[in-house]
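The structures considered in this document are given below.
In the two complexes below, chain A is the common chain; its partner is chain B in one and chain C in the other.
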Partner chain A sequence: MTQSKSSLIKKRIVEAQWTDPMVLFRRLAVAPAVLLTVIFFVLPIMRLAQISFFRNVAGGLMEPAASLENYTAFLGDPYYLTTLGQTLLYGVIVSLLCLLLGFPLSYTMVRIQTRAKPLLLGIILYPLLTNALVLVFAWLVIFGYQGPINKLLLFLVPSAEPLRIIGTPTAIIISMTHAGLPFMVLPLMAAISNIPVSLEDAAASLGASRAAIMTQIVIPLAMPGILGGCLIAFTSVLSGFLFPLYLGSNATNILPLQIYEKVSEAANWPFGAAITFIVLLMTLILIGMGTLGKDLVARLARSSD
Partner chain B sequence: MKKVGPGMLIVSAIALLFLVAPIFVAIPLAFSNARTLIFPPPGWSLMWFEAFFKRPDFVKGLRISLVSATASTILVTLIAGITAYGVVHMHGTKKRLVSLLLNVPLLIPVLVIGIAMLFFLARLRLSGTLPGLILGQVMLCLPLVFLIILAALENYNPNLEDAAASLGAPPLLVFREAVLPQVTTGLAAGAALAFITSMADTTMSLFLRGPGATPLPAAMIAYMRARIDPMIGSSAVIFLCISIVFLIIINRLIGFEAVMGVREE
Partner chain C sequence: MYLELNHLSKRYDNVVAIDDVSLSIAQGEFVTFLGPSGSGKSTILRMIAGFTRSDSGYIKLNGELIQEKPPYKRNLGIVFQDYSLFPHMTVQQNVAFGLRMRKVSKEEQARRVADALETVRLSGYEKRLPNQLSGGQRQRVALARAIVIEPLVLLLDEPLGALDRKLREEMQIELRRIHEALGVTTIFVTHDQEEALTMSDRVAILSGGQLHQMGTPYGVYERPATDFVADFLGRANLLQLAVVACEDSLIKAKLPGGSLISVPAIGEVATQDDIQVLVRPEHISFYPPAGDTPCNTVECAVERISYHGSGAYAILNGPGDVQLIAYISARELAEHGEAHQGQRITVYWPISASTILSRRA
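And now, the complex of A and B:
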């Protein structure tokens, strides 16, 4: 009772102090980031949508219009549709590979006790926090004719022809899985760290095998993290234009590279805007599916109780 | 019973080796004495670092990258810090809405944000200028830094301010004695993350570059059009060193677990 009374009094005092500089500062303090996000995130996205309906004029100029021609050109061209399909395919493959590597890694990192943990977490985080060109360069060396993979191959089989890895889907998938893995591990570790160890200990003491504990306790409880991780790993593929630019070929074209080429090289902003907007729509659909998936998991969990 | 099974441990070890492999390849190559990307290098030399610092576009690019990262770090830490302070004092639906708005950009591909930013800043005649690049990196860092500072403020006690104020302390004294000591670590961690994120940025650097503002990643990409040699490796080492130093700082300040939202046992 005293609690609510004191908070009521506090509220009255705060209300009476509208002119108090401290109270005023507290109320206005939210404004900077909110205003900045509205002006330099929401408005740019609206500008992007607007330009996607503009017309391209030769010489890198554009003409204000309300035409659907960029979208019809995209949807009417088998080349772009193939690229769209390929983007989805790479997104799915990369997400699954990230999950296969990321789930055991996240589980181990949460449950293991070692003094090397900060170092290991640093190894997990650094690809997110280092320049993507560093990674591109490293993969160019690793996959190159004179790189470690081919050196090892020639050492083992001296008569072998060096492998051509750069320009193949393998190079794209490996480099993108590497870049996406930290994105998968972040939500997974957060989710797994919320599962009490005591649940697993209890199941083990009742004779459950490791596999049973994983499939019946850890994986269902970590499902929101799994869905979140897959979503962000997929999204990272939608941003990755540098990997296909340097490690790919015509056969590994994906939409992010198309965006880069249309905006940066061909100076066709309206068409680039349309492709970017299509990528944004894909992201929103994925987020929607992820949210639905989470609801479904929650409902299934409740009905199985 | 051991908590983690052998299968899990083996896959984890493979994943960690996979994650760390590029470092062990990129660093030695920067010290190579060969002209091609031969690995392991036939011999060692500092010639590629020398070549790096002899190229005006790379040196200027590095300076612009450092300047824009410093400027965006200061701006974003101030903005995110002030806003996080405001959010800590909010409750209920309003708080949830503000957090949601500030977190949405994290779900959108960086490339989409970069292209939208280019189109918008071009309209304001800011694309291709240093202020435009700084603004782009501010927007890139803002959601992340806000999240980190807010997480660090989880145990923030607003009653200390009220207590100090009710005892007659003037606002500046309240700020210095009751607010600042509680937020310093969070702000420092946020600033370190902002700097690292700006230095790691390629998207804004590439799309918002201009004649007066060509950051190092843009200079590197222009160079890589003609050839790819170990000099790119020497830039890679510079970038890696910056990332590693600031990762260590973040770990010392708040620990990686706090950054990753992982609950400690």
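And now, the complex of A and C:
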């Protein structure tokens, strides 16, 4: 019944005329945003796609062509394939860490009753509200030889050598996890706040311990949020180059960094564009997998008996 | 007793939610907690379930203090107002959940789930998801899920609140049938006084966190302990009378308008006391009672007749601005002919049908 109702509404929307002032207003209201997206996002991306088939000419110039050589160069070079693998590994590690930290945090944030909630939320979402460069500088200070971490270490163990953190994968992972956490917490909080507390009470009354309530009720019902959060945290790794640039070393190679280097240092636009499209393709595949995953989870939950 | 609540109290900040409530329930009883919203009835239920802790007092179930037990170890079946079915599980999985938590074998799970679904008359719906069921069916699944674990007590928190009137009445009968079939001690929370009276062995009436009275439906309706109970259950004529004479078993008292009324004597009432007396509208009649039943009579003017199909409420103006409500059965109404506004009429009620609620010296 609800389906036929919604299709009826859809039909009515389609049938709505331009002359209807409400419809006209609605369409005009979205027009600027659509226009902006087309001019500053869709068109440049299409231009970038074109460039990725161009040929690089020494001196930062390029020659129009329809060649796949940038793509074959990427896929045929073990160096780039290792970079691709490393990027995926960083993505997986950062999303898992975000999930491990973000789930208990989101659950507590949703269920807790405190006046400090907006403040806590502000602290968690802070990375979203700040320029990534500011975060990078903060981490440079925190991780530095004279930074608070090493000061604390030397205070506790006076004989220890200061740790070299900047330039290691640890620094990249910690900073990217911090930056990715809001992307995990927001969808998770949304998903968890949709789970009525009475479901947990009902499970408890039926003999479920706290652990069982989490694994049987909360986590399965929060699954859309978990998948969504992981997806966005993963893509934040695919798009963030400032953290690996400043907190990594020459040995750290992840794709966003490669794009940055190809374009701004080697002035090889066509190759940079090709890597961009490989990253974009990966993102799309991930989103597709995430969507399929959601359906799969829902179906598994129904069929498992 | 099977379930004992002893001096339970609970405050939230400065608000007293539960104020020294003690009551006990026998095994197999069907007890209703009745009260308006905010009366504390659900809070007491949550205390028994273990979701809310009392500040003081204790709860004893089957001879054991359960205060320190977490909810999941109490073995109580609960049906929530919103049913709280697990939306990602089928009917089968929902009902089997408690058995699965108890590590019951697969075969026994299947058998007991089938039994429970049969008890609530929902066999054949095992593979459905909760959002594919109607409100009444969800209600039945919630009930099956609660009874399948063979709980020590079945707690029902306004379970019929979301159903329409017809379905509600069906489920009331259904709940009584299931209670009789299983013999499980049941506590039913409701704000609907009619539901409480029709379903329960005993009713506990709560208001403002206090237990006003606990007794059989007949007892609390006919012999309410407080004016709150009298007013909350059905309609009530609460008459303010001044005592003029006390005899052995009868008290003579005066309405503000001067009419003399007789009331059966209970407790210590002295001449000059002010008393509050309850007379239920159904006991007031346009005709004197049959035989020589002693009765009170008052001269009234008809203010309004509100027709209800099976009868009518007559709003009457007595002497001295006393307003009386009389429930006139359809038969009586037919015999008497239509009463019209302003008509003078004499009404009667048996002396035994009036109850003293309170007295002030």
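Everything that follows uses one rule, which is that the second predicted complex is superposed on the first by the 272 of 305 C-alpha atoms of A that agree within 3 Å, B and C clash if a C-alpha of one lies under 4 Å from a C-alpha of the other, contacts with A are read in each partner's own complex, and residues count from 1 in each chain.
Here, contacts are C-beta pairs under 8 Å (C-beta built on N, C-alpha and C of every residue); 3 or more make two chains touch, one makes a residue touch a chain.
These figures come from a predicted structure and were not determined experimentally.
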Task: Fit-or-clash call for chain B and chain C when the two complexes are aligned on chain A - done: fit
Open item on the list: In the superposed model, which partner reaches more residues of chain A, chain B or chain C?
Closed with: B
Open item on the list: Tell me the contact category for A:L81 with respect to chain B and chain C: first, second, both or neither.
Closed with: neither
Open item on the list: A:I217 in the overlay: touching chain B, chain C, both, or neither? Say first, second, both or neither.
Closed with: second
TODO: Would you sort A:V57 into first (chain B), second (chain C), both or neither based on which partner it touches?
DONE: neither
- [ ] Could you look at A:A204 and tell me whether it touches chain B, chain C, both or neither (first, second, both, neither)?
- [x] both
- [ ] Using the superposition on chain A described above, determine whether A:L68 touches chain B (first), chain C (second), both, or neither.
- [x] neither
Task: chain B versus chain C as contact partner of A:G122, first or second or both or neither - done: first
TODO: For A:A160, select first, second, both or neither according to whether it touches chain B, chain C, the two together, or no partner.
DONE: neither
Open item on the list: Applying the document's definition of touch, where does A:L296 land relative to chain B and chain C: first, second, both, or neither?
Closed with: neither
Open item on the list: Quick one: is A:L152 in contact with chain B, with chain C, with both, or with neither? Answer first, second, both or neither.
Closed with: neither
- [ ] Determine how wide the angle is at the CA centre of chain A between the CA centres of chain C and chain B, giving a multiple of 10 degrees.
- [x] 90
Open item on the list: Can you report the least C-alpha distance between chain B and chain C in the superposed arrangement, rounded to whole Å?
Closed with: 5
Task: Intersection of chain A interface sets (partners chain B, chain C) - done: 204
Open item on the list: Under the definition above, what is the set of chain A residues touching chain C in their complex?
Closed with: 196, 198-199, 201-209, 212, 216-217, 220-221, 298, 301-302, 305
- [ ] Would you tell me which residues of chain C are touching chain A in their complex?
- [x] 49-51, 70-78, 80, 82, 84-90, 92-93, 97-98, 101-102, 129, 145-146, 149
Open item on the list: Considering only the defined contacts, which chain A positions touch chain B in the complex?
Closed with: 10, 21-22, 25-34, 36-38, 40-41, 43-45, 47-48, 51, 100-102, 104-105, 107-112, 118, 120-135, 137-142, 144, 146-148, 151, 178, 181-182, 185-186, 189-190, 193-194, 197, 200, 204, 210, 231-232, 235-236, 238-242, 246, 256, 259-260, 263-264, 269, 272-273, 276, 279-280, 283, 287
TODO: Give every residue of chain B touching chain A within the complex, in rising order.
DONE: 1, 3-5, 7-9, 11-12, 14-16, 18-23, 25-26, 29, 36-40, 78-80, 82-83, 85-87, 89-90, 98, 101-102, 104-105, 107-113, 115-121, 123, 135, 138-139, 142, 146, 161-162, 165, 171, 174, 193, 196-197, 199-203, 206-207, 217, 220-221, 224, 228, 232-233, 235-236, 239-240, 243-244, 246-248, 251, 255-257, 259-265
